[in-house]
Amino acid sequence: MSALLQLDDVSMSFGGLKVTQEVSFTLQTGDRVGLIGPNGAGKTTLVNLVTGNLNPSSGRILLQGEDVTHTGISHRVRHGLVRTFQITRLFQTLSVADNVALALLQRKGLAMGFLSSATQRPEIRDEWTRILQVTGLESRAYDPVSVLAYGEQRLVEIAMALALKPKVLLLDEPAAGIPHEETHRVLDAIAALPADIAVLMIEHDIDLVFRFASRVLVLANGKLICDGTPDTVAANDEVRSAYLGSYANDRRSA
Amino acid sequence: MITILSIAIDALAFGMVLFIISIGLSVMMGLARVVNLAHGAFAMIGGYIASYMLREAGAGFALSTLVAVLGTIAILMPLEFLLYRRLYRNADAFRQILMTIGLTFFIIGITNTVFGPTSKPIPLPEALSGPLDIGFRMVPAHYVLVIACGAITALGLWFLLDKTQFGTRIRATVDNAAMAESLGIRTEILYAATFALAVGLAAFGGVLGAQLLPIEPYYALRYMVIFLVVVSVGGAGSILGALAASLVLGLASTAGKYMAPEFGDFFFYLTVILVVFIFPHGLLGARK
Amino acid sequence: MTAVPLKVTDLTAGYGPTRIISNVSFEVPAGRKLVVLGRNGVGKTTLLSAVMGLCTQHGGTIALGEEALSGRKTSRRAMMGLGYVPQTRDIFQSLTVEQNLSTGIRAGSDARLDEAYELFPRLAERRRNLGSQLSGGEQQMLSIARTLLGHPSILLLDEPLEGLAPIICDELMSTITELASSRAISIILVEQQIERALVFGEDAIIIERGQIAWEGAVSALRADRDLIETYIGVGIH
Amino acid sequence: MTAIGTTTAAGAPRLPGWVRYEVTAFAVVTALGLIGYLVFPFDLALLTRIIAVTFLVLSLDLVTGYAGVVTLGQAAIFGVAAYAVGNACLAGITDPVMLLGVGIIAGALMGLVSGVLISRFSALPQLVISIAFGQLVAALANKLAQFTGGSDGLAGFAPSAVLGVFEFDIFGRTSFGFSLVVLAVVLALLLRFVQSPFGLMCRGIRDDALRARMIGTAVYPRLIVMYGVSGAVAGVGGALSAINVGVVSLHSVSFEMSAEALVMLVVGGAGHLLGAVFGSILFQIFGHFVGSTNPFHWMTIVGGTLILITLFAPKGLYSAFASAMAKFRKSRVSQ
Amino acid sequence: KVGVIGPMSGPYALFGQNFKWGIDAWVAENGDTVGDHKVEFIFRDEESPDPAKSKALAQELIVKDRVQYLAGTYFTPNAMAAAPLLAQGKVPLVVMNAATSSIVEKSPYIVRTSFTMWQNTVPAAKVAKDMGSDKVAIAVSDYGPGHDARDAFKATFEEMGGEVVEEVNMPLSTTDFGPIMQRIKDSGADTIFTFLPSGPPTLAFVKAYIDNGLKADGIKLLSTGDVVTEPDLPAIGEAGLGILSTYHYAVSHDSPENAAFLEAMKTVGAKPGEVTMTAVAAYDGARLIYEMIEATDGKQDPDTAIEAVKGMSWASPRGPVSIDPQTRHIKQNVYLREVAKEGDTFINKETQTFEAQPDWGLAE
């Protein structure tokens, strides 16, 4: 069986700056992978390359065996590739429920209905209610997204990703802005996903990464410098000096 | 060859007129983020003042232009305070469109009542009126004035907005006024200054462009579409973009009129569509 | 700029007619470090923006030393010494890194861009990039550096660590601690990385549904983890 | 230049049997029309013209208010549909209902074409393309005088009786009745349409097109389809205008017409169908009233009024009205 | 009751204003009663060529205000839109401007007191021939009346053996005429014939003609009177002196009727600098309406009314005129005029008269 997502020697640069340099890795069914690295290492860029927001200058990207290197964004989404944004992007004037419902409708192929009701069809309604419960947003269902606190908007990002039932889910700093003590909501939400999908999470909250991931990729200056279990990564000197800093010590002492 | 050169000269002059008269709008749209459909009305006010100064008060051309620019600013600053101030921060383009269209109507109505519907000439000084022999053909002497003023305006503005702290602060304010305030930037003053700049430029353009776009009450609406097109093709707020757009569109319009006048408008707008397709982010690739 | 205490009394504020925080009172003596904690959406950001004058103040007073801030324009408050790093970073997208930084320097101040580059060398590498072309963490650095260049006497930080690599977080926190003591800056820090906040702060308030639910010394919080669990969430540690 | 109007209440739970909403709208429009008929029996021509323009404003609301495409070229669709109807009528199709069909088809086609061109872009380039598109169509209409009559207008066609029974009369009763029924039907359908998944998705695209793409939506094709629908609505207006007036002139494809429609939409409140209807009716009645009582100061008065509206009802009259109603209701409840 | 539709607002408001002045002048001279019938004029604003709006206005005037006569219409499509209503409403329409020949054919209840492009242009071609022009460049605005002017000139001029070396249709929105002048120059024409609707572009056109050196090269400029309407002359200034035009009325027309007319105009508040031919057309239109009221004794009887004015002739401020019984269009003198300065004011000085010109467009 082919990998869910496979990158072969993907490279890209902005002008002279090589942001992604020959990155290769695969995500298999059921993978829970963390992607860490210093600021500006190229993590978000990598996600953008995978989703099609940016085009690589060389290399290949395979989604469930299909070469999608040159296909459009929405095509990849329809084939199960879903992401969240580091800086939230939501439908600001629509309500939380509408945001989630749109994702649901799109996934179910109902989005071209011209004269049916959008959010209140029973099958849609039940599902967004459930998703909002999981993400703890049920009390805000009818508020327009624009009046939500920033942290709440991040949860809506995740709710929309859930609604799309991804095969491969890319989370760009999903827990940023959520209190440390509440990040379990994010983990809960991910845990509620089917086991056979692959999830890649970018996060600077190392606790969260290490709790979540069975495998961690480390990116620095556009290159993958480490790929292994959390423990091997935490023990890697290069990673510690370039990225983890005091955290590595804390962890050892904990 | 002579024909081509001749078209080029006409194009350059017409392009510069377009530039001079549109650049104020570009400043307003790019730096104060107001889609100011009253720009034409502002230019027209400048034209009326200049015409009055020249014909009734007997002032010279340079003085009249100066008075027109300052006078227009003086007349319109209260509007900044009463109306425009409400438009800067809120990004609702519709509200801006509605208010500025209303203002335009209002100004037209008043002008029409006070000055009557006929056009008001802006006589040029002897040296600048009439034909000028440039060897292979005659051109209107005021071309020289327009081309020179256009070039100077472009340079001056480019310097002011791209190279000075004033320019940086203005653009910071445009991007995010609340944040600029939080850094201690006095946004109201900056906005007022930008408004004054845009209004002054409008008046200046109104006076200098009057040879090709005669001043009359409906001036305010008649040419608005062209101004809007030039600014948008060049990218709002980009000085060099507006210059490039003016020259390209001036050339398209002039060549079109020379070669197939019955399709004049057609070529102009066809060029607009082509340019936008090729440079969707403004002619000089405006940022963002 | 000499340090002065910030005093907030019975502050009620919100957006338009809606009230988000009510009757909040606290004081930050000159040179002290206050941390503000609370769940998502309880009004922490609103509190800071009310102090900056960015949202609607319905009642109460805010005073900087002897001077009342209520009713003053945001830019005036900034000139009086408030420096604000917003949660959403608010980088000027169409300016370069260098220009962004230069907007932070106040008229007549002797601050230099180098100060910022020393603090975040990463920014020096990216000085010609536009704001819109920065990574999330770089934006965060730029936002902090920009405000610091204004040499504020009171610094309001809204989740400044969000999106920063752990090692940068370390450096940033120690730099700010150092600044606080060397320049006697008072600091209000809103932060979700509670561990780091507790190491950093001296006083703390916890906000719940727009009101102060607990206030006291940070040491008390450090000593009593239950407090945090009650107000903020189920501790995992 | 996106994000216009709020749609906060859109997702609020509705009573079961929400279809009643549309039926109510249908009834209300018809009732209002009948009142207009009874109160102003001699102004039916004016009311009829208002209805035709209302379709243009509605169509503009669909693309601008709901899908965030700002256009100043919408009249091109309206006008081409009107010309198509005029030519069809000259060619022998005189049945008004058939002509309406011709208008709808012509409008939808034109809508698709302009959608292909205009919705490719965003922000200012989009506005410019729409202007250029409108001007090109206007220039062509002037050139193709054999189909449009050039600047003299296309005249000399007369539709036959509606359903073979109601002749068009000088009082304009038939025109009015016919237009009113069409308006009620189309409005009811549209009210439903904007609540549909497709309508909601368009609002999503208006808010953030990239986000829409990231949930798997092919944005561009959808905007084109939306333009097609909008074109059909504009086509209804163009058809009614041609049928009722019997002359089609360059004015119907002109920039002025597009701009006026935009002003009416904003006056009413973009992003609400009822706002579009409101704006169209109020603006035209007001304009007519001022024009007939004080034609010489028409511009000053209308201009001043527009400024006042932006000051006191920045989101459009409909929103102002709706929030005033809400307040009123609240104050009654609290008493 | 008479309903008058004219551009009272918008860029053409000057002409609507002239409608009103012309009618007021007539009323001032002749009183507001015909027999024992009081005549009341109601004005409505047509603003732009918008037939839908005009039709609604006409309809409103007929059914609501119950007018017995309609008058005015500046724009052709607006007149066309009103035409079908006339028979149904039993209301005659006196066209006071709209100048397309075919309007009078749209309804038997239409009479016209203004002019047509053909009527004014045919003499222009004759003038050109008389001046010794061989090669003419035609530059007209690209719309109906412009096309009429072009066709009329070309047909007449070529019939007389002249050559048209260049035809330029200029978009109505043109204000930059430099390239067009260049093109005309390149064509080797010795005379330009032009028509543009009165308004700001006419000024720019004349300026471009001078500034690009065509005047200096001895190329003559000939136009219809629309290019040099009296209100525009001061703006053109000295530069315009000597421009030739053919038209059916000049404010400077030397006759007792015109003097009386201008006097009456003053009493109703017209500014001397703003009088145009539309006022005369309205003045004469009012005369026709009075005649019709008298003939029908105030009853609504369009057939009798129209019959009464067919063949009618009188001395108008513009000279002797009559209504052609076949076409119901006005037959009038067309004058060749030259821009001249008299004291401080610029005038169109009449230098030649073409007598009793019919509408050549219908005569064809």
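So that you can tell them apart, the chains are marked A, B, C, D and E in the order they are listed, and the count of residues begins at 1 in each.
Everything that follows uses one rule, which is that a residue touches a chain if its C-beta (ideal position, glycine included) is under 8 Å from a C-beta of that chain, and two chains touch if they have at least 3 such contacts.
Just so we're clear, the structure is a prediction, and the values are computed from it rather than from any experiment.
K.L.:
Which chains are in contact with both subunit D and subunit E?
P.N.:
B
K.L.:
In the chain contact graph, what is the shortest path length, in steps, from subunit B to subunit C?
P.N.:
Contact-graph shortest path, subunit B to subunit C, evaluates to 1.
K.L.:
So which chain is farthest from subunit A, going by the mean of the CA atoms in each chain?
P.N.:
The most remote chain is E.
K.L.:
What is the distance, in whole Å, between the centres of subunit B and subunit D, each centre taken as the mean of its C-alpha atoms?
P.N.:
Averaging C-alpha atoms per chain gives centres 32 Å apart.
K.L.:
Could you tell me the distance, in whole angstrom, between the mean C-alpha positions of subunit C and subunit D?
P.N.:
50
K.L.:
Need the CA-centroid distance for the pair subunit C / subunit E, whole Å please.
P.N.:
Each chain's C-alpha centroid was found; their separation is 74 Å.
K.L.:
In subunit E, which residues are in touch with two or more of the other chains?
P.N.:
10, 13, 17, 142, 171, in rising order.
K.L.:
Can you list every residue of subunit B that touches 2 or more other chains, as numbers and ranges?
P.N.:
Within subunit B, residues 112, 262, 265 contact more than one other chain.
K.L.:
Please set out, as single numbers or ranges, the residues of subunit C touching at least two other chains.
P.N.:
Within subunit C, no residue contacts more than one other chain.
K.L.:
Among the chains present, which pairs are found to touch?
P.N.:
In this structure, the chains touch in these pairs: A-C, A-D, B-C, B-D, B-E, D-E.
K.L.:
Along subunit C, where are the residues that touch subunit A in the complex?
P.N.:
For this pair, the touching residues of subunit C are 15, 37-41, 45, 87-88, 122, 126, 133-138, 140-141, 159, 162-171, 192-195, 228-229, 232-236.
K.L.:
Would you pull the subunit B residues touching subunit D in the complex into a rising list?
P.N.:
Those in contact with subunit D are residues 29, 35, 83, 86, 90-95, 97-99, 101-110, 112-113, 225, 228-229, 231-233, 235-236, 262-263, 265-266, 269-270, 272-273, 276, 280-282.
K.L.:
Could you pull out which subunit C residues touch subunit B in their complex?
P.N.:
Of all residues in subunit C, those touching subunit B are 52, 54, 73-75, 78-79, 82, 84, 86, 90, 92-95, 99-100, 102-104, 106, 130-132, 146-147, 150.
K.L.:
Please give the residue numbers of subunit D that touch subunit B in the complex, ascending.
P.N.:
Touch residues, subunit D against subunit B: 1, 3-4, 70, 117, 121, 124-125, 127-129, 131-133, 135-136, 139-140, 143, 255, 259, 262-263, 265-267, 270, 296-307, 309-311, 314-315.
K.L.:
What does subunit D use to touch subunit E in their complex?
P.N.:
42-46, 48-49, 52, 139, 142, 150-153, 155-156, 158, 169-172, 241, 244-252, 256, 291-292, 295-296, 298-299
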